[in-house]
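The following pair of complexes shares a single chain, chain A, combined with chain B in the former and chain C in the latter.
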Partner chain A sequence: MKKYNLSMLKIFKAFISLLLFSLIAKHAVAIEIIEISGGGTKQINIAVIPYKEAATDKGNNLMHQIIAADLYRSGFFRPLEVNGLINKPSVLSEINYPEMTAIEAQVMTLGQVVINNNRLKVNWFLVDVSKKTILTTMEFSGPAAQYRAIAHKISDTIYEKLTGIPGVFSTKISYISKNKGRYSLNVADVDGFNIQSVVSSPQPIISARWSPDATKIAYVSFEKKKPIIYIQSLVTGQRTVLANFKGNNSSPAWSPDGRRFAIVLTYNANSQIYLIDADGSNLKPLIQSTHIDTEPVWSPDGKSIYFTSDRGGRPQIYRVSSNGGEPQRLSFEGNQNLSPTVSPDGKMLSYVTQDEGRFRVALHDIQTGQIMKITDGPFDEAPKFSPNGRMILYAHKVKGSGELSTVSIDGVVHQSFNIQAEDIREPAWGPFTK
Partner chain B sequence: MKKSLVLATSLSLFLVGCSSTPINDSPKPSGPSASASEVSDDEKDLDLASLRDPDNILSKRSIYFDYDKDVVKAEYKDLVAAHAKYVASHPKAKMTLTGNTDDRGSREYNLSLGQKRSVSVKKSMNVSGAQDTQIETVSFGEERADTNCKDDACYAKDRRVDISYEKE
Partner chain C sequence: MIRPQEKVIAKRSAIYAVSVHIVLMFIMIVSFEWRIKLPQVAEVELWDSIPQPNVKALEAPEVEKKIELETPKPVPQPSKVEEIIRSLTGDKADISLKQKNEEEDRKKIEDQKKKDDLKKIQQELLKQDQLAKLQQELLQDKSNPSLNRHENMKQQNTIPTEGGAKLGEMEKYKLLIQRKIQQNVNKQLCGTSPVELQFEIGLMPTGELIGNPKLLKSSGMPVCDESVERAIFQSQPLPVPTDTDLFSKFKNLKLNFRPNEKI
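Moving on, here comes the complex of A and B:
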């Protein structure tokens, strides 16, 4: 056995030198390790071996647990049970391949965590079990307080290496919670940890939206007994009023460059879409009608705005140039369609569709017009794409109180979102940050 | 042999720990306000007593709607006309019409639907002589709705416009 491992080491050494080149290439080509699992899903069997580290406080997750949970939630991975393994390697030379093959691992990750003077250093490996090759080896370091963040970075790296798609484990989400009559806009890590309150109020807060650079959130607060749009910095906590005109001020949508907004104002009439600069200047109507026009959202190229309108009788999804002009109706199926959101590549819409009394999340291919319902309802709302476009986060009502869930865009992998609160709603997924 | 990433700066960018902004309702003035002369001015100019009188139709403040409708039903014609007349005859009065919906559908769309209802009430009041400058139409959408409704009798209570006055 030892001999076997030693010979493998030599192969690894040769491979590692090759690896240097693949790491230099910005987007290394993903290897193809795909298996059809029982549920019809393509999943990769991964053994996340406990990283060698000194025991931390009881109750805190260890690095490998955070990584395994991330990968599991993505739906692309099936983390294998590793507690029963005789061998728990933390360096390559300790890997017992027959044992890994026996538990049907296709890939495995292992490593060591060292914390010294409040600095955290992780040496870790991703290994292809059948080919006995290193797919990735890296050293991550940072302040010890960034323990979970560094685990998420490892998850992102593993995910991207094996799927070719950037991982979203380091991104953040926002949501509104309602607890004992008090509303709070919160920001959390995408795994539900590290919850921070941005603003709280005895009056409702709705429609929170992240700035494209993830440093600010715009939202609608009823604290003055009417809807007013605020922008708040996540770095300093400072906030400004974006729009406080007569009537309602709602539905803020940042332009992709972060310089402008589409917003909805009413004055003393129905909801209408306006454009306004992020400093509150330069207000002008986008389109004018006597009907309800609301829920604007920009295409990623900034050229179009999708919105909801009842100009056809029932609420439906429309598109108009961001320079104004004649809107074009896009949704024709279902009794009503609401709350559009655009995929990061601009090719898909997701919105809430209602028929037979159920509100469900639909995915709409803008090019082909093909529509797929990816949730079952009955009260699903506020769908938002993940920054990599692979998942949708949405709210739904269970016995009168709200919860969040995610669903993969093929509608196969459903997961409830891991946040404990009395009532949560109005999710938004923060953008990638570099 | 290994690629080293130092994540310290990029990861600490979005700590919002100290930035939470708690907002509290400003305490409502209970009863008459501080200055005695102001009180009598408001009482006189706005005839607040008639707004409070439970036997006066002006004390009735809610108008209910059918599902997904913004038509003011005939049964509310007298109520709407009375408030319109009050606004027209009290130039200093400021009225807010707040639309509401049940909790089915999207929050923003329901905000717009509640607004449609408050605009509908305002238009009825315009016919009776109330001026736009004295009226603000807003909406709370589904935010005040009963989230445990199971039948239409329950939903119906959420589909309404509430009338309120500044300084009352």
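Moving on, here comes the complex of A and C:
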């Protein structure tokens, strides 16, 4: 009888355990799943807290202002208003997280700037406000004159940390200005500060292009009463003639390895594209036609050349192998399309498209053929990709005179440069420098 | 004749038997509640126009008759969005009838293809309108009187069973959470090729997160994972039901993200 009882108990226990197990198992799989497809282009809310530093000369931007302006221009960030904050921390222990959450900050940067014996030292932090964790902590130092350069370096670091994409705030741009009848090719920081003249002339200067190593600029000058292509070193200021052939010499385009150029000559009547070595030797035609072919640019892999041609009746964008061959038309929308430029990854084209009387900057996905107009015109010209491919620099007309602007490639953030000149045209964005 | 020893055993057996039955019954109740396939509301929902509160035509009996005589048409499956709209408007039956009436009138004028196209467009527009409205209301103010009105209407009219109501509510909050987080995701940080990532989150009844989201499946891109995680944080407080029973389903959630997939 006892034996019988025991086995009953065992069965009962086993039965209960089984039930409990099945209950737990059911609970374990009962977590609801929510599918979230797609997304937007939501910017990262960043609180750029004023770095603790001694007051500088009036009119000069402070470090946090330079950083906030850089990050804003990128289109990825929304720098928050921080002037009204009660607590402005410069070290981690001073952070008041509830206050940061209240202004909807997702990340924040804070730091201290010390200038001693003309040496600048910046201790700074990037903090994840939601998780209360440090994302980056660094110390940058250099000559005090490098104040803005160090601020740009901090912007680059923050940008790369949060987007995974290298920042371009330490790169340079070039543009051609006209003041009191004088043309000047200038180089400036990417925020329009620190302007330096490379060459100036009473005759027009056009088509400036950076060498892939950012040490030289090729441009076309009319100083000899005809367009001649020069290459000028930004380090020594020395310049050499690349092309001075019969007729017009224009539109220099460096090959990605910096050894060759595609240029445009009117050697045989019409504008035609030629290839030439960087030392001015070994000239040969790329394509020969009875049409106007101009504005060549190389694909980043060096295998193709994109250019503008009127072979279809109106200016359109074409592609040809850098070994020559039959060109292939790429642009079909709009009245005319011109001034192509290729993204650093080679996947996108940007060019000026004319439609309904307006000249606007368009982005063209080379693989899918999808086109997006990212500016409103009416007179936009010369788009150039930033070295990281996330922004486009272009010129446009405001009340008859040219200005420079950047636009994020999603077309969301536009920002103009505040450069004083009668007319500004033909910007170019310099490559990353090591 | 039962001997005293046997009496004790019988007593024990009886206790076991009763316990087993109690446990079994409990399990059955709980299991059934879980397993029940809640009735899908499958009425015809041809949203041809914005619901009008005053639908006099419905009172005319001949209209109803006509509807009965109508040949059955393909019934579009009600989507989640429609369910939510329905639960908020409370005019489900009225709308269906009104619409069928209109449908018939139109039938005389238009051909079938044209009709279908129009329907699609209108459905889409209505979905978007209603959803946007609903989201705004729920996200802005939970004590919004208009929302309460909707909820009351829903309780009175729309969903036939409590289980059904809960399912509708459940889907509604899931959709609201989905939308709120989605708008905070910056897909630019997740490359261009299809990626998938999964987070698990714990929620307080206020819709705030308990601790940090737990990454169960990475996209392979730390920047993308972090960006999605920030989107979850930024979406606090998440819209969660006030009903305690229903909230228990939202205490722990798994969020599957496909940032580069078109919606």
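Convention: the second predicted complex is superposed on the first by the 392 of 434 C-alpha atoms of A that agree within 3 Å, B and C clash if a C-alpha of one lies under 4 Å from a C-alpha of the other, contacts with A are read in each partner's own complex, and residues count from 1 in each chain.
Everything below uses one rule, namely that a contact is a pair of C-beta atoms (placed from the backbone, for glycine too) under 8 Å apart; a residue touches a chain by one contact, two chains touch by 3 or more.
Predicted model only: the values in this text are computed from it and were never measured.
Novice: Just checking: does A:E139 make contact with chain B only, chain C only, both, or neither of them? Give me first, second, both or neither.
Specialist: First partner only.
Novice: Check whether A:Q43 is in contact with chain B, with chain C, with both or with neither, and answer first, second, both or neither.
Specialist: second
Novice: Return first, second, both or neither, reflecting whether A:I150 touches chain B, chain C, both chains, or no partner chain.
Specialist: After superposition on chain A, A:I150 lies in contact with chain B alone.
Novice: Between chain B (first) and chain C (second), which, if any, makes contact with A:K131: first, second, both or neither?
Specialist: Second partner only, chain C.
Novice: Thinking of the overlay built on chain A, is A:P204 touched by chain B (first), by chain C (second), by both, or by neither?
Specialist: After superposition on chain A, A:P204 lies in contact with chain B alone.
Novice: State whether chain B or chain C is in contact with more residues of chain A in the superposed arrangement.
Specialist: With both complexes superposed on chain A, more residues of chain A are touched by B.
Novice: Answer with first, second, both or neither: which of chain B and chain C does A:L338 touch in the superposed model?
Specialist: first
Novice: Under the contact definition given at the top, report the residues of chain A touching chain B in one complex and chain C in the other.
Specialist: In chain A, positions 16, 23 sit in both the chain B and chain C interfaces.
Novice: What does chain A use to touch chain B in their complex?
Specialist: Interface residues on chain A, with respect to chain B: 16, 20, 23, 123, 137-143, 146, 149-150, 153, 170, 172, 187, 196-204, 206-207, 214-215, 221-223, 225-227, 232-239, 246-248, 250-251, 264, 266, 268-271, 292, 294-295, 308, 315, 336, 338-339, 352, 354, 359, 379, 381-382, 397, 399-401, 425-426, 433-434.
Novice: Can you tell me which positions in chain A touch chain C when the two form their complex?
Specialist: 1, 5, 8, 12, 15-16, 19, 23, 26, 30-45, 76, 104, 106-107, 128, 130-131, 162-164, 410
Novice: Where on chain B is chain A touching in the complex?
Specialist: Touching chain A from chain B are residues 1-8, 10-25, 96, 98, 103-109, 111-113, 115-116, 119, 122, 132, 135-141, 143, 147-148.
Novice: Going by the contact rule at the top, pick out the chain C residues touching chain A in the complex.
Specialist: 5, 9, 12-13, 16, 19-20, 23, 27, 30-31, 34, 170, 174, 177-178, 181-190, 200, 212, 221-224, 226-227, 230-231, 233-234, 249-250, 252-263
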